[in-house]
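Both complexes shown next keep chain A, but they swap its partner, so chain B is in the first and chain C is in the second.
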Partner chain A sequence: MARKLKLRIWRGDATDGGLKNVEVEANDGEVVLDLIHRVQATQMGDLAVRWNCKAGKCGSCSMEINGKPRLACMTQVSSFPEGEEITVTPLRAFPVIKDLVTDVSFNYRKAMEIPSYEHPKNLAPGEARMEQIDVERSQEFRKCIECFLCQDVCHVVRDHEENKKSFAGPRFFIRIAELDMHPLDMLKNRKQKAQEEHGLGMCNITKCCTEVCPEHIRITDNAIIPMKERVVDVKYDPVRWLGSKIRKREGIV
Partner chain B sequence: MATGVFSESRAKIKERTLRTDRWWLQPLITFSVLMSFIVYATFRAFENKYYFAEPLVSPLYSPCLSTACVDGTSPLGQPFNSQYFGIGISPALFILIFPLGFRLTCYYYRKSYYRAFWMSPPACAVAEPHAKYTGETRAPLILQNSHRWFFYAGLVFNVILTYDATIAFRNEEKEWGHMSVGTLVLVFSTVMLWLYSLSCHTCRHTIGGRLKHFSKHPIRYKTWTWISALNHKHPTFAWISLFGVAFADIYVRQVASGAWTNFYFF
Partner chain C sequence: MTSLEKHKYDVVVIGAGGAGLRAAVEARAAGLRVAIVCKSLFGKAHTVMAEGGAAASMGNVNEKDNWQVHFRDTMRGGKFLNHYRMAELHAKESPDRIWELEVWGALFDRTKEGKISQRNFGGHEYPRLAHVGDRTGLELIRTMQQRIVALQQQDAKESGNAESHIKVFAELTITEILKENGKIAGAYGYWRENGNEVLFEAPTVIIATGGVGKTFKITSNSWEGTGDGHALALKAGANLVDMEFLQFHPTGMVWPPSVRGILVTESVRGEGGILTNSLGERFMFKYIPEVFKDKYADNEAEADRWYLDQDNNRRPPELLPRDEVSRAINAEVKAGRGTEHGGVYLDVSKRIPADVIKKRLPSMWHQFYELAGVDITKEAMEVGPTCHYVMGGVEVEPDTAAAIGVPGLFAAGEVAGGMHGSNRLGGNSLSDLLVFGRRAGMGAVEYVKKNPTATVSEKAIADAAARIEAPFSRAGGENSYSLHAELQEVTHNLVGIIRTGKEVEEAIEKIAAIRARSANVAVAGGRQFNPGFHLAFDLDNMLLVAESTAKSALLREESRGGHTRDDFPGMSSKWRQVNHISSFDGKNVNVKAQPLPPIPKELFDLFDIHELEKYMTPEEIVKGGSN
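And now, the complex of A and B:
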């Protein structure tokens, strides 16, 4: 059954902008992205919005809906109470380009800073063998669709622009964890780099990244906290440090 | 200069948040409950009485290590004096740093009090009021990395409290084979403390999380999967164990002061 809905859509660019009121028809089963497309088709032909798959898998339509970072294609209109106004804004942690589109290149720069997988030198391509239980932890992190909602909600950069230089953000902490837990990755100082170069220590584990993840990756419990514990192993635990020296091994096998 | 969501390059929105739900409720509840516990525990730590009613020992005073302690309140003897530099010291003050440190550095409580007390941030997508933020990279917050040491100390305390819960199966004449309401209160508190400790992220890491190859350590892997299942409930155990300790102390205090009678089932 169709009903009329009040939308407030942020329109503007880096110089200025504001929330514009529109009224739009909503049908059963529709998502917020449907409404935005209807507004674009009928009332605001030049409304800028980034989208692609409309199935919650491409991570393009990230925006803030009633102040919460969400995918517009996965936000059911019926999840809002009858009569509630829906406010749609661009992601507030990144520079705005136009309307609902932001410049997320910060994330691509951070991605390039993460040291990649280092294959064992004694294993030729095709010779590597891994058991399922050794890779399943990392596989959870491979579900990431790079919507950057976790990066957007993380207060370390959302509320402190100056921290963008030294903080990689939750999306890249799961990348680091994925590689550090990889059974064949040979890079020795990934944990130290996570702490010293990628800002793991700046995370105060308030779990907002986990709350907004559309793939339900347990970012904090399964990636960030385990990485913090691994950092403690190599930087803040003298007993483990001594043990690794005596037993001539890295400490993690 | 404006920073954060009010930075020059970001969408010009004057509100700190556009959330329409009651995002302030959870931090408010957390603040109220934790503050109430802090006030009560501080009062009890300094009260220095009503912590023992044969065979019940308050978890806030156990092990009671001062020479001023009542006989039977410590399986470890009484190595500390009751006074230092002429100042009387409550026995609780010798030990509370360990369970307090364990909770203070706990990953779950960190989330809770960073949100509720320090508003960093007060809730997700709600701008925090601080101009600068360095997280846990420098003193004093870098000391959060000491969590595993407090975890190990916490395990020792759990063993002692298990001993206390066991001797609560005696009666006032120290005869075994009895059970009272106080026994149930201490057993519940101790079981919850064990669940809180075992579900801890550091425990999960120590048991198996630090391994790179689970396949080479099948027993540790299996244990890690159990601990991981418990870890999902860590926040629940954190709260229940906190209430359990507080209630156990209240119960012992009321019995020791004569306000309540410890009812024996058998």
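And now, the complex of A and C:
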């Protein structure tokens, strides 16, 4: 049942750091976060790690496990072959604060740059009528738990600090898509803005973001690609653009 | 003390869950400057984990629903120990609070007519829970978070500064609520990132810190649920009410051990899931209490028909209030009819097609598949009780959410007491957060009109700073991780789901002993993001909460809702007239009995008199409510 495991944990801060080897016991059914907690409680009382729900719902425990961006609370220890070392390091795209904790404020700044939802002025609370099928498209994107793994993996910013200024990242492309597809949202030009102000054009559809998303949101297929396609459409055909916005209001009684 | 970070605000909201964020929005709407402080990143508060839904009698699925029915269900669920006024406000205002979320961009699941869909839940007479699959809490918190961002964008447009009126201080722990001359003057805390200290000066503080689950060994709560607000309020001179009542949710995961306690939403039962023991018996039929006999089906045929025709059949007993289901599961396991890992079976696979399960319960499917290797569309889940919610909390004035006894202090959400009586109905928390979060915001607005400023004295600052420094200056003392584990063991074994007077007495002694040792907790490492240091403070709070719970549990010699005494198994109408009030004298928690506010006639008259006879004394029945 319980077995000894070798774990390599990155320890350090903004100035300096490196991998530390530890041996830790692992029980059946445990996830990587369990191991980190055990190390914390028995060997390294000041080991820094973020977590909350331990059930893949809050997106706090994001880190890189053997180089891959993952949620530590949803990564089964048994998914690694016996004898394989497990290496945990902080998210690479964001500055380290300490150990496994990084400064993810970039994402909160980007959230601030996306124009908010605009409710129809004359639609009183309780009067909205929407079809399930129409809300589902946006609901897929609202499943996002803001783990920022997609932001971390995206090569546009992963090793290119200079791109961060003009690139919102996949998490916020789906936010824009969500609002764009929201049956009631009144703000126009969301797609154009994504292209012109939030760096949609810098994405070259590698799909890495979709691959790491723990919520299995089809970031590229359902958000990025449709937006890119329609941006092109609209550039050439303003009438069609108008039509899409009018259709969007059909849901309102 | 040269470089202490200082801020001045009108309101400091401690907590960025549903309650805190709703309070902040309300205070901001009145033009106040608000600081929102939370221990985690913005958007990660416990509320994010809520699954099933938010209860509001919108009547979208069954037109017969209205606030009166919701009020009755809430009082019944709480076994009539609820503060009637809170239950009344909650039932009346919940629909508006849900609709308002839609105005802010929330996307709930829909009915065929395009309205907000509502689902069945334990103890609710009609389908009442607005939901988004089984991730309703995420929708709620994201909507509130995005509402705050929208307001900040508006401020940026108007004043050039997005944080001119609302600023979120994420990953900052409040360690003290400060008073001057008997009134609130601010709050003190430290940044988790670097341990640096922060002073907030403000005439009002709204506590919205959520629950206490981490006091217990098996819990559905995250690390944040350490009862900070409960303890901060006690220390600031406020009271806690009815801390003996804890909700043990009947269905937590039991296997593998590392996920023990993680919640399995009640929607699984609401959608048709049934509970069976190791003999394959659908055992809940045996556990329908007398008071619920006329509302719950006593045979399988009727229980099954109810899903299709709710008007002519009684509800399946799987949907009894949580305390009843938890006790039943506990009894089955004790009698040797449990599963291999000490739970019972919960099964949806035989009643609902796989694709519907995946659509209606996506995160449950995910959770079991990834964490337990169980495919719930094909197999049964193993489940057992887990500590989930605290009904007890800060004693407040219902209309304003003002904490009784401390001018300028407010409390809303799970940290506030009274609303849910001895047992909370599922879905009533999310709506509670919105209803009383808003009211706390309004309460603060009114208070600030008369008390616009506050200043904290140098002495208070020095004291608060000394407390934070203390664990670093002790050498070789106790380890906070092991003390926490010991406390969890005590609460789990001695003040858990079933209690006896003797056990609780033992718990009180043991908690006191751990508390004495906790005065010697020493912290290794520095101040920079140091979980050992963080836990030292959380531990202190959990110990006060545990003491309050144990002492209240000892006094209440009956079984009711989330308090089951093996030595007093019955419910007594005498005890229904009593709230237990905890206060803190600087050394110990003291608990005293206080009469429950009598229910006014117009609310009394909403009930069938025969139902009230099951709960109230003959004198109360004759009196027929107060006027």
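Here is the rule we use: the second predicted complex is superposed on the first by the 235 of 253 C-alpha atoms of A that agree within 3 Å, B and C clash if a C-alpha of one lies under 4 Å from a C-alpha of the other, contacts with A are read in each partner's own complex, and residues count from 1 in each chain.
The rule is simple: a residue touches a chain if its C-beta (ideal position, glycine included) is under 8 Å from a C-beta of that chain, and two chains touch if they have at least 3 such contacts.
Bear in mind the structure is a predicted one, so any value in this text is a computation, not a measurement.
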Partner chain(s) touched by A:187 [first = chain B, second = chain C, both, neither]: neither
Which of chain B and chain C A:230 touches, first, second, both or neither: first
Touched partner set for A:131, first chain B, second chain C, both or neither: both
Partner chain in contact with A:160 - chain B first, chain C second, else both or neither: first
Which superposed partner A:45 touches (first chain B, second chain C, both, neither): second
Common interface residues of chain A - those touching chain B in one complex and chain C in the other: 131, 182, 251, 253
Residues of chain A defined as touching chain B within the complex: 10, 12, 14, 16-19, 64, 66-69, 84, 87, 89-90, 92-96, 102, 131, 133-134, 153, 155-156, 158-163, 181-183, 199, 201-208, 211-212, 220-221, 225-226, 228-233, 235-237, 251-253
Complex interface listing, chain B residues touching chain A: 3-5, 7-13, 17-21, 107, 110-111, 114-115, 120-121, 124-128, 130, 132-137, 141-142, 145-148, 201-202, 204-205, 209-216, 221, 231
Complex contacts: residues of chain C adjacent to chain A: 40-44, 46, 48-49, 58, 95-96, 99-100, 102-105, 107-110, 113-115, 117, 132-133, 135, 138-139, 142, 146, 149-150, 152-153, 156, 162, 193, 222-224, 255-259, 262-263, 363, 366-367, 370-372, 479, 481-482, 523-526, 528-533
Touching residues on chain A, where the partner in the complex is chain C: 13, 27-31, 34, 40-41, 45-60, 74, 76, 97-99, 101, 104, 108, 111-112, 115-117, 119, 125-126, 128-132, 135, 138-139, 142-143, 145-146, 179, 182, 185, 251, 253
